[in-house]
Amino acid sequence: MSDKVKKFKEERERLNAHILSRENVNIKRFFGIDSAVYRDNVLDAKTKELLGLVASVVLRCDDCISYHAIRSKENGVTDEEFDEVMSIGLVIGGSITVPHIRRAYDFWRELNN
Amino acid sequence: MSDKVKKFKEERERLNAHILSRENVNIKRFFGIDSAVYRDNVLDAKTKELLGLVASVVLRCDDCISYHAIRSKENGVTDEEFDEVMSIGLVIGGSITVPHIRRAYDFWRELNN
Amino acid sequence: MSDKVKKFKEERERLNAHILSRENVNIKRFFGIDSAVYRDNVLDAKTKELLGLVASVVLRCDDCISYHAIRSKENGVTDEEFDEVMSIGLVIGGSITVPHIRRAYDFWRELNN
Amino acid sequence: MSDKVKKFKEERERLNAHILSRENVNIKRFFGIDSAVYRDNVLDAKTKELLGLVASVVLRCDDCISYHAIRSKENGVTDEEFDEVMSIGLVIGGSITVPHIRRAYDFWRELNN
Amino acid sequence: MSDKVKKFKEERERLNAHILSRENVNIKRFFGIDSAVYRDNVLDAKTKELLGLVASVVLRCDDCISYHAIRSKENGVTDEEFDEVMSIGLVIGGSITVPHIRRAYDFWRELNN
Amino acid sequence: MSDKVKKFKEERERLNAHILSRENVNIKRFFGIDSAVYRDNVLDAKTKELLGLVASVVLRCDDCISYHAIRSKENGVTDEEFDEVMSIGLVIGGSITVPHIRRAYDFWRELNN
């Protein structure tokens, strides 16, 4: 794992741990659903990660893109599949997504190393 | 086809025809890419419609949802697969998407009739 | 209750009932949290409805505004308090919220009748 | 003026009048600035209306588009200039703006009649 | 005050001073209203800061969250009240707000130190 | 050219080159349209850059603002014209755009050095 990816994951876990330590029941329940919707079911986990990825692109959320890129990689998404998801996100979301797509490709390259 | 679906498609085609009659080259090229990205390729057309659907939910665009719902139906998406896409859109986009998800289900029911 | 308010509530309940009839566990859990966060707790229900109202204004969701307007009214929010929430939403969200604020005031007037 | 345009303007004025009748000082001041920024100054009023138009497209606000379309027409914007603003809005905002651009062209046609 | 909070405030003031030095009358008037809407009135300043905070979360603006977090702290908002505002923002805005809520909690912790 | 501007341009070009090296036909076509819409035509390039600038402000995209600021400068936009575009973006997009407008002015100042 590259340093950039490792740092992203550690920071994410550190901050999530702090939120959950607050023991707010509704936030904890939300986090539970947020894990549950991506699990293998009628649609498989890989397809669901692609859904998470394209939604993150059109909503222009770098951290969300990075997270779903990691999960996509873990679920066997290829470079060409990644390209197609990016192209759909770009057409739906427009040029305003380009800076995020730039960083998405940069992060994906880190995952490939 | 239900009257509601038929009316949606006719209005959409009427207005698209008007835009294209303007013969603006960049708008026409954009419309070309907008068709191209959803075609069968490394990812199949069905998966791509699900990507279009979830992006439309999180961006809260009723007409876009209706269009991708029609195309999803044509590509064999089942009720249960539709449910899972809606659940992911709901968790990513939050309760602000609920009014759009309500109308999405209402439109999907029309497509089932 | 005015016809407009009554119609809004009936349509909302009809469509919610249809979504819940799908029995998707994650959607149902989300609806559960969506009710829970607005309940009296450290912050009282009235304050929470004002939070829901201002968030709905800046996110420009008419149905969400109408719903939180109803709930605000039920929790004793006055016309002057409503004005102040609208003014904050307007300044944060900008003139793009004005069409929604227009409809918000129109709906609030229905609630006052 | 077509019936559709007339109705839009009357409804807009009716609702604005109601908001202003509330006499909330901050809302009134906001409405004042909202008029002031579009006045002829270093940039002329026509250019400013085009700015208002493209911002309304990318933010996907139908009422805002209609209003700036009216004002653009009053300031001498041609059909070809309108096309170019739409093409820029489309590329920046992506296909999610298409339903709004459809309605924008439909409204513009009403203004031409 | 922690270094992080201090740095945030200094940078914000430095850049605001530069904007205001431009002496653009409409921008100055906007800044005036932006202060005015949060003042004690029918709703108290504390409630208004919570409104600013939740709006900043659902609009996913880190700097706006940090600013309203500072002002919330100055107005006596407790950790548990902060939790409830975050939970409402999370449910309304969805998982796309999570990275911002993570940073919000991190900043809040700085304010507590 | 200041170091900050130079670094921005180099990073942008490096990442764009990587995206284009992927040879995805739809992404390449999109990049082509994205250049084409800003070219001198019925509206001149300067006006089009102002349109790109205001759209970037209301959509709150720092990189897009920086890019259109550079292009605006190259097309002869003055400080006072820049102020007016910012004021329109601020009024349309609301206080949520303020952090981006702060950074926009900071970047514009770099371009002036």
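When the chains are written out, they are named A, B, C, D, E and F in that same order, and each has its own residue count from 1.
In this section, contacts are C-beta pairs under 8 Å (C-beta built on N, C-alpha and C of every residue); 3 or more make two chains touch, one makes a residue touch a chain.
The structure displayed is predicted, hence computed values, not measured ones.
Where touching is counted per the definition, the chains common to subunit B and subunit E are A, C, D, F.
Relative to subunit A, the most remote chain by averaged C-alpha coordinates is D.
Among the remaining chains, the Cα-based centre furthest from that of subunit B is the centre of E.
Its C-alpha atoms fitted onto subunit E, subunit A is found rotated by 120°, rounded in steps of 5.
We define each chain's centre as the mean of its Cα atoms; on that basis subunit E and subunit F are separated by 27 Å. Remark: subunit D and subunit F have CA centroids separated by 23 Å (rounded to whole angstrom).
Residue positions of subunit B touching 2 or more other chains, listed in rising order: 26, 30, 33-34, 37, 55-56, 58-59, 64, 83-84, 87, 90-93, 95-96.
Here subunit F touches subunit D in the complex through residues 33-34, 37-38, 41-43, 47-48, 50-52, 54-56, 58-59, 64, 78, 80-81, 83-85, 87-89, 91-93, going by the rule given at the top. Residues 58, 90-97 of subunit A are the ones that touch subunit D when the two sit in their complex.
Across the complex, subunit E is touched by residues 60, 79, 83-84, 86-87, 90-91, 95-96, 98-99, 101-103, 105-106, 109 of subunit F. The touching residues of subunit C, when paired with subunit A in their complex, are 25-26, 29-30, 32-33, 36-37.
Listed in rising order, the residues of subunit C touching subunit B in the complex are 12, 15-16, 18-19, 22, 24, 26-27, 30, 34, 55-56, 59, 61-64.
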